[in-house]
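So, here's a batch of structures to check.
Two complexes, one shared chain (chain A), two partners (chain B, chain C).
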Partner chain A sequence: MELLNRAISGTMESSDIMVEIIPWDKDLEINLKSDVKEQYGKQIIALVKAILDENGVKKACINLKDKGALDFVISARVKTALYRAARRSQ
Partner chain B sequence: MFDNFSKKYIYSQNTRGRKTTSDFLKTLGLSFDENVNITINILDGKRIIATASAEKNLIKCIGVDENYRSKGLMNTLISEIISHQYDNNIYDLSIITKIENEKVIQSLGFETICETENIILMENNKNKFKKYLENISKNKVANEQSSAIVMNLNPITKGHMYLIEKASKESEQVYIFIVSEDKSKVPFETRVKLAKESTKFLKNVKIIEGGDYIISSKTFPTYFSKNVDEWINNYCNLDLKLFGKYIAKELNIRKRYVGKEPYCELTSFYNKKMKEILPLYNIQVTEIERLEKNQKAISASLVRKLAEEGNISQIKELVPEATYKYYISKED
Partner chain C sequence: MDRYKINFKDKGKIKRKSKVRKNIENLIDELEIKDAMTISFHHHFRNGDLIGSMVMDILDRKGIKNLTIFPSSLTSAHDDFGKYIKSGLIGKICTSGLRGKLGQDISSGLLEEPVVVRSHGGRARAIVQGDEKIDIAFLGAPHCDVQGNANGFEGNSPCGSLGYAKVDAKYADKVVVLTDDLTEEIAMPYSIPAYDVDYIVEVDSIGIKEKIMSGATRSVTNPKELLIAKKTAQVIEELNIVQNNFSFQTGSGGSSLAVAQFLRESMIRKDVKADFALGGITGHMVNLHEEGLVKKLLDVQSFDLSAVSSLKNNKNHFEIDASFYADISNPGNAVNRLDVVILSALEIDTKFNVNVITGSDGVFRGASGGHSDTAAGSKVCIVVAPLVRGRIATVKEKVLNIVTPGSTIDVLVTDHGVAVNPNRKDIIDKLKESKVKIIDINDLREMAEKITGKPEKINYTDKVVGLIEYRDGSIIDKVYQVK
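For the complex of A and B:
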């Protein structure tokens, strides 16, 4: 998937996550802010990486502001942000 | 979100919506800032229970009804504002708020850029200020002692020229920061162009675009109706700390010139604060008497008034040639 512009999805409401994707020329960078970073940080980043891999995204900056989102929420938000960044509807 | 709560977007043309928001803010001891471009309200039924607005990249006029606090409404509002501004290609947001709110705003992904005793400037892109300072330092001319003047130059007059020339004579190097906000009658680019042309003959004067962190008393948010004086005091402290601690350091600024302010109370208060705070950062403040013409200080507001009345010929003796030419070309 080719990323064309920066994009955002989600919210910072409880149990949600805000995902920002900024296309760039450098290697993948994932910044996570989360109240449960210590407990679930690794798991969240692994999940996001897996989705990016699936979509062939290798060069981007991903900013995550997590408010205790469950995995399927994270997955949905990341995919939405990716589609928006690639200007695709599905 | 709770079932009976709804979100409402209010754009600048929605006078009625803005009025209701303003009434709500009043009940919290705050007031509405007419300069905002977007307001987002949360309603319980038909009643506003929380509101937030933004003017470009600055989040403003935040208020939550006392009975609805600790429900995460702030999270909803800030998220909405971020998404809305994102769609308008405004990615990096700033917020100036009471220091008590630091933790809450921090939890929404903002980091502290500058703090004073009572208020705090926070941003959701920590690199923005760093980049700003890097860009400022690109203007640096090698020397030990420089002077600075912060000006609106709306438009540049002989009064400004008098101050600039005096600073130029007394300093090795002078940096003039032009306030970037564009509420001015004369567009920012024109203000810069006229300033550059008018000061070209002064070899040690450099014009710098002020950007987001040169606030000037004219751009202070004015929406704190309760304790206005206290807030103005807070903003002066913040603005001057940003300047003294960070911006001035990039350019070895040791002196700041300012014109004496005979008319505007806010500006004269700001000047007073300047003399109080900047010396703490090893910057000396020099206040210069205004240049007068027929017993009246030459001011840009007088020039704008004459221009509006079509008195272009009277402008001639008040402004440098470039400014005069600008008004003539506008007439055609």
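For the complex of A and C:
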């Protein structure tokens, strides 16, 4: 998937996550801010990496502001942000 | 020798000595505060408290070191107290609650000496039985006369009941009242009597009005909380607790607050009246009282302005002190008469132990409050909590810290089901014949973990940063420094 522009998805509501994707030429960088970073930080980053891998994204800056979202929410938000960044609807 | 000796000396008019001092600075010199003394505050001004910082600032400037501070609790108003730890002013802290920035500071090991966490009843017991000696109590009072009679329901920044402060006033060596409403007119009725007060200082402001009443009380609209409250009311009804002259306490969490609303319906339907409602008094309880459904309110802490004005105006709204409320050594304590209490929890484990002091990251973010006191005293103690909060499971195999032992918790109501402590066969038997479905607490735990996933273990060091004292003075748990 080719990223064309910066994109965001999600909200800062409790149990949600705000995902920002910035296309760039450098290696992948994932910044996570989370209320549950101590307990679930590694799992969240692993999940996001897996989704990026699946979509062939290798160069991007991903900023995550997590408010305790469950895995399926994180997955949906990251995919939405990716599609928006790639200007694709499916 | 005449048995009846006549003495006519020293019979003059009394020379009045004023207790009023111009400012705290001079008073602190007069009090000759020394290093390592114990000073106390109350937390009736909650997040709006200005007294704590006001006094600590001056003590810090005077270069005092190693004080024990012994507030009834600490709130966000004391977020920056870490600076007094760094300066050496604070050597030890005893409190009920610890949260925010200060909670993080303590959890990361800023204070050498472990914080002692006590319940409201436990703190009163420690004072009454002499475990803790308060050298000087600095007590903010919304209304005070020139002799020291003080109350909390009049003045510019009312807070209602001064229930926690009353114990300090009675037992502290020296008592200083700080007020922003000093009157010549006698302050009656009083919460703190003049004979307990040594000094009075008028200050610009004792608290930020809007923040005094913020925090604990809110109206409940969250459907999850309402669902839990409804289930709880159903459990209470099936256990046949709602009878004439029953008594109850609800905590300050959302579900717990909303239970009052459902109790009302149940009381009207059954045509019964409660004898009393206890504890932190909220507008919800005041409404029940003014409707005639609850005969008396016993108020150790008023949670909103409606409670404040009720305390002022309703003759059956009584202010009680923390020892009367929940002190295990007080033979008349009110929690021992409670039929039912509804409490919140940050975490509860499969042995029904409850944590209300540390968050899921092991950091201080709560308060012991009256939790363990009411759980032990009441006939039925119901803990209400959502199964998960965000990604955090509430029901766990083992809580990080125990404040209230599972042996005193009877029922857990979550949005995913009701669990009963196996040691309450009587409750299990009653509910089995009812519409309430009981679920094993281990199943609730499994359900929770399925939703959230397995969390990583918290990394602790072996340094103890907190001791959780049970209401009888024994240590029930230790809190460790978080890496």
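Please note the rule applied: the second predicted complex is superposed on the first by the 90 of 90 C-alpha atoms of A that agree within 3 Å, B and C clash if a C-alpha of one lies under 4 Å from a C-alpha of the other, contacts with A are read in each partner's own complex, and residues count from 1 in each chain.
The definition used in the following text is that a residue touches a chain if its C-beta (ideal position, glycine included) is under 8 Å from a C-beta of that chain, and two chains touch if they have at least 3 such contacts.
From a predicted model like this one, the values you see are computed outputs, not experimental measurements.
Engineer: Looking at the superposed three-chain arrangement on chain A, would you call chain B and chain C a clash or a fit?
Structural biologist: Result for chain B and chain C: fit.
Engineer: So, A:S14: does it touch chain B (first), chain C (second), both, or neither?
Structural biologist: After superposition on chain A, A:S14 lies in contact with both partners, chain B and chain C.
Engineer: After superposition on the shared chain, which partner residues are touched by A:V36: those of chain B (first), chain C (second), both, or neither?
Structural biologist: It touches chain C, and chain B stays clear.
Engineer: Examine A:E2 and indicate which partner it touches, taking first as chain B and second as chain C; both and neither are also allowed.
Structural biologist: Neither partner.
Engineer: Figure out whether A:E54 sits in contact with chain B (first) or chain C (second), or with both, or with neither.
Structural biologist: Once the two structures are laid over each other on A, A:E54 reaches no partner at all.
Engineer: Looking at the overlay, does A:A69 come into contact with chain B only (first), chain C only (second), both, or neither?
Structural biologist: second
Engineer: Once both structures are aligned on chain A, how many angstrom separate the closest C-alpha atoms of chain B and chain C?
Structural biologist: So the smallest C-alpha to C-alpha spacing between these two chains is 7 Å.
Engineer: Looking at chain A, which of its residues have contacts with both chain B and chain C?
Structural biologist: Of chain A, residues 14, 35, 67 contact chain B in one complex and chain C in the other.
Engineer: Across the complex, what residues on chain A touch chain C?
Structural biologist: Where chain A meets chain C, its residues are 14-15, 35-36, 38-43, 67-71.
Engineer: So in the complex, the part of chain C that touches chain A is made up of which residues?
Structural biologist: 360-362, 389-392, 451-453, 455-456, 458-459
Engineer: Name, in rising order, each residue of chain A that touches chain B in their complex.
Structural biologist: 6-8, 10-14, 18, 33, 35, 63, 65, 67
Engineer: For the complex, which residues does chain B have touching chain A?
Structural biologist: These residues of chain B touch chain A: 1, 72, 75-76, 78-80, 82-83, 86, 91, 107-109.
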